[in-house]
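Take a look at the structures below.
Look at the two complexes coming up: chain A is in both, with chain B in one and chain C in the other.
Now for the complex of A and B:
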């Protein structure tokens, strides 16, 4: 055994592992990839396990691989008995649904229209849209604009301004241009199909999968968004989205104290701040994990490559 | 083809300009209708902000409004150049981006190459599922995960996992997130974990296009798998690598607000404060330097635009579809 290890295992030569069907190269490749995969998912698993571990076990600390001493949802009870959590969940869900539907409708219809480059003006419009990827007015001009439009400190500032999503505009435009078979449209036209019929009965059904994927992507972006609240709504706590609650749980001591005192008044053990943070993190992650399998199915098939497609 | 031939059919000569416009509109009304909502949104929300840029050349007073405030020329730009915090934020931004390109970008390419070498389908798809996932979590969630692992122990809590391990091995706990010398490292590594998997998808797409016969003939010639990786796979994905590198370089002055804002604190401003967080702090995030922040944003945007245009020229040279 010792001799075997001192010998440098080389590729092609049959070593101990080689006899088991491995060689050094494979071990390195598999080891590297599996290690990195663990680095990516273990933190989430740890946070989940720690957040359901009973207090007595939690304070012992250490790397947890499995909930020790049973499963206990006391931290979840603690955060959900705080009024602002439920309210923010409702805000997040409603603004995610509204903003996503609006954004997909506006972006997909515009992307389809602009993909018809033979129609006058579409090339100009395309250039105007893409220009915005690289040049924006910036934070203060945006603030002034929303002030003039009366959007400031209103719920709608989290919904309306993002209606045209330029990144997904580019991706959808490329999809309509390159991936919807031209023959299909030609055949439909020969059968006397109008532009309207073409869009609703040919193009949309053909692009269903792509539109579904983009919808999920935009939904995830909206769920994660706290920027609009932070910049343009400020401290109106009745409008804060869940992502902002999480942010406050991470940095805001007074918020943390409110939740901890609330838990104590419920007769629970005063929870450690980190455990409450972990429970909040899990709540923010659950919706994303739910749609992730569907997302993965589509983005690997290449829709996100729109901008750099060869 | 059909659509084009209809376009080519011109209306009779005697028809006036206006009527010709109407005929054209009648033919394509639906396309114009579809483009309308997006066009309105773009004009209002994207181009609507452009009028506010004049603040960069004005002294804003809320009483007079944006239009009424007096012009002051390039005063704010001079102020900007003389602002040591701006210079510091600029340097930090560029240094952090260089780190991200040097380590993150290289890592992405190698991750793609290595994952591609996994021959067991099951293992490969599990690994891919795991490495893509962090991309979809927001930086707030990610900052939370980082805190869970790196937090300094306090009276009411155990501290992060890493510090627990250090302590159980007999070491002194480290306050990672408040240590200026470590902050850039944390930014770079967390960025790799969050985005490496997702960024590697581009290369998988390129690898899928490599003809298997190349590998077969190489195997007959006695090449081993490592040789194939470096002499077949890598050269074949090089065009994609070049494009991604150019795109990455074009973001040299861009800074990830989400990432830095959720991880930094006053302790690490010296190494971690980047342009976007600085611009935020002096304006909406507590300061009142609205004009200065607009001026900085304008300069950065113009600089970024120039770099992107140059980058796009290079991408076009590479004989692939550019951004525009």
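Now for the complex of A and C:
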């Protein structure tokens, strides 16, 4: 009895947190999560603040929680007055959309086909595809292949070679194999649905969450990709993606000079390199950040789908 | 099942059709290229001047420019003049990150630029020659000396043949245009620049002259609330400035054996004779005492605690500009370095600043001895190649011949018979440099700039042989400098001249021909990694110097320090015997 009495909560000793329905562990967990979120978000916030802070304030250093000395968008004006920035933004958006649509389409159709292991030869095709996940021909054979295909120095070298994403092919194949109910497919067939119709009208809609998550990941890969431009195009500045411009702003003095001189010719104060880099990073982040809210509702469920096999 | 088979068959048929279409397209391209090549060969064999030769397109590659401004490039007057003089159309190719890899991939796959550079790596040259990837330039030039008079003179100079022999073993075969770097005046590290106001406040304006005085000064600055010293070193791997400022005046070095073959070594005996001997001193007892001094400075706040983390040209510049750093060290043994530092960070952060805000210090001494900078005064810059896939190597050499000629050098460097032209100022040159990311008031062209001189200066082949020209390039930059820049350069030159000859030691030219084996390079890499690991921890206090020094020495012995010392001395002896006077 004594023990029971001691366990009984005492009204008088209840803290404010207790009355609100929290205990010590809740506070710790929330605190930790908030702290962790701040650690993740602060670098981005810092970059934004630095990109709108007048340079003379920025170089004073120290912790910057908000813009000191007022908000100044002159670095963004300098960036967008440079012709190659706008053009590269268009290239990045267009190639991201095209490459993502193509990649999701090719990868999902291939994954669906290969998931039908009862069809003769599919296991061999699967093995051939997965082989490339572990072994590749290397850069020179890749270069020669693109040359023979007429892809070198063309826009399409940033779109077509990534059409089959093997990592997501494996994920999608597993999903189609283990998570799409066979009964649904059989019912559709009984109703007279063709293979193509079955895929687009039955399988894809029930796989929406997974496809949305994969789409997001592939879009991010395409948005951030500059390697294909750097290696296989190189000298056609009209095809530069924004990620490459950002990279150049970080390492290429002549690119930085172009933007700074452009700003000066507009009558702006010559912007300091660090501030321009910060503003460019924000410009590179914002478009792809805009995609997240549209796919967020599918995202959490999508990335865990197929993780547990039944 | 039947439907699936039909679909598979249709897919296969479509794939075959696409493949055929693609191969048909690439086949067209190949045949048109061959036709063009044949036409060029016929024309060049009979014509006497560039105007009579067929107009061809030449793709020229150079590191680090920008080709974003297409409209600006079309109005570039210098490009137009070159195209007209050589009767070609020029296509510029450039890049920074991945540029070298792309150049190499293009070379291996037959799509290289008609004239492309490397940074002079000897193993690349020999392997490309062995694989038949690059054109033997001297074969073409020697077959027609009247067409290529300047190149003929260059390729047949003794020194050029020496480099041929070093790279390929054949003195008579030149596969590259060798770019040699040389400053117009000696350059060295280890000269601090001081914030004059802090110098006045803490030391009554007296510039430290010895290592001890410098250490005392930086410690006093720390006590006064400033950071004493920032030596250029944002990754704790670049020990050059610390070494030249603190260690070298004390007769030792903390540098690992990296970069020049003699880095990390101290010299005994007489240079240029059999008695010259280089001893690896990175882990000597004297170096241990230097590391102890550095650690004590670090502890006292005399040495910036952000060393290894803070970036040199952003964070450290900003700190100096904001007046938090009492002294900084980014070289300054070369006057234009000081000018650059005065402009940024100082004037960028202090628009109303004056030259007197900064005080350029002196190279420090210890027991009356200065640090010594050993240099041949020249080093290998970029090398330019013509790939065997190039359809018109003779026409590319016409371009190189023009660039090497007096007319070409005058055009690129704003001179007339190598004398600077005052009638064409920054306004004229802006149209030729701004499209490529410059337009900063310089009056010289930014393409072909590394071709003969790795330091981008003008070279006079008309009045000099190849080696004389490239090792004594003409620096015209002061002619176009602003008044403020000229004042900064003059001030720095005046200060530096007081000790320049004490610090700078010119090595015999055979030091340029030292060739270390791959085994030696492997040991150098290991020792450099060991130094970076131990020094950074000892400096920061993570390792106790007295307890860890023996481990450091043992690691050096294990990594092959003694073998390297022998290899370096042997390589120097071989170079002396082969190429010495």
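We take it that the second predicted complex is superposed on the first by the 236 of 310 C-alpha atoms of A that agree within 3 Å, B and C clash if a C-alpha of one lies under 4 Å from a C-alpha of the other, contacts with A are read in each partner's own complex, and residues count from 1 in each chain.
Please note the rule applied: contacts are C-beta pairs under 8 Å (C-beta built on N, C-alpha and C of every residue); 3 or more make two chains touch, one makes a residue touch a chain.
Worth saying up front: this structure is predicted, and the values here are computed from it rather than measured.
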Touching A:143, do we find chain B (first), chain C (second), both, or neither?
-> both
| task | Could you say whether A:56 touches chain B, chain C, both of them, or neither, answering first, second, both or neither? | result | second
**Request:** Examine A:91 and indicate which partner it touches, taking first as chain B and second as chain C; both and neither are also allowed.
**Result:** neither
The answer to whether chain B or chain C touches more of chain A is B
For this session: Examine A:79 and indicate which partner it touches, taking first as chain B and second as chain C; both and neither are also allowed.
Result: neither
Examine A:104 and indicate which partner it touches, taking first as chain B and second as chain C; both and neither are also allowed.
neither
Practice task
Please work out whether A:231 is in contact with chain B alone, chain C alone, both, or neither, and reply first, second, both or neither.
Solution key: both
Q) Touch check for A:195: first (chain B), second (chain C), both, or neither? A) both
**Prompt:** Regarding the shared-chain residue A:274, is it in contact with chain B (first), chain C (second), both, or neither?
**Reply:** both
- Message: Looking at A:255, would you say it contacts chain B, chain C, both, or neither? Reply first, second, both or neither.
- Response: second
Residues on chain A touched by both chain B and chain C 59, 61, 119, 139-140, 143-144, 149, 194-195, 227, 231, 247, 272-274
Chain A partner, complex, touching residues on chain C are 3-4, 7, 22-23, 25-26, 29, 64-70, 92-99, 101-102, 105-106, 108-111, 314-315, 318-319, 321-322, 348-349, 434, 436-440
Listed in rising order, the residues of chain A that touch chain B in the complex are 11-12, 25, 29-30, 32-34, 36-41, 43-44, 46-47, 50, 59, 61-63, 105-107, 109-114, 116, 118-122, 125, 127-130, 132-145, 149, 160-161, 163-164, 166, 169-170, 182, 185-186, 189-190, 194-196, 199, 220, 223-227, 231, 243, 246-247, 249-250, 272-274, 277-278, 280-281, 284-285, 288, 292, 295-296, 299-300, 302, 304-305, 307-310
Per the touch rule, the chain A residues reaching chain C in their complex are 56, 58-61, 82-84, 119, 139-140, 143-144, 147-150, 152, 194-195, 227, 230-231, 234-235, 237-238, 240, 247-248, 251-258, 261, 272-274
In the complex, chain B touches chain A at residues 1-4, 7, 24, 28, 30-32, 34-35, 37-39, 41-42, 44-53, 55, 66, 111, 114-115, 117-118, 123, 126-134, 136-138, 140-141, 143-145, 147-149, 151, 156-158, 160-161, 164-165, 168, 193, 196-197, 201-202, 204-206, 224-226, 239-240, 243-244, 247, 257-258, 262, 279-280, 283-284, 290-291, 293-294, 297-298, 301-302, 304-305, 308, 320-321, 323-324
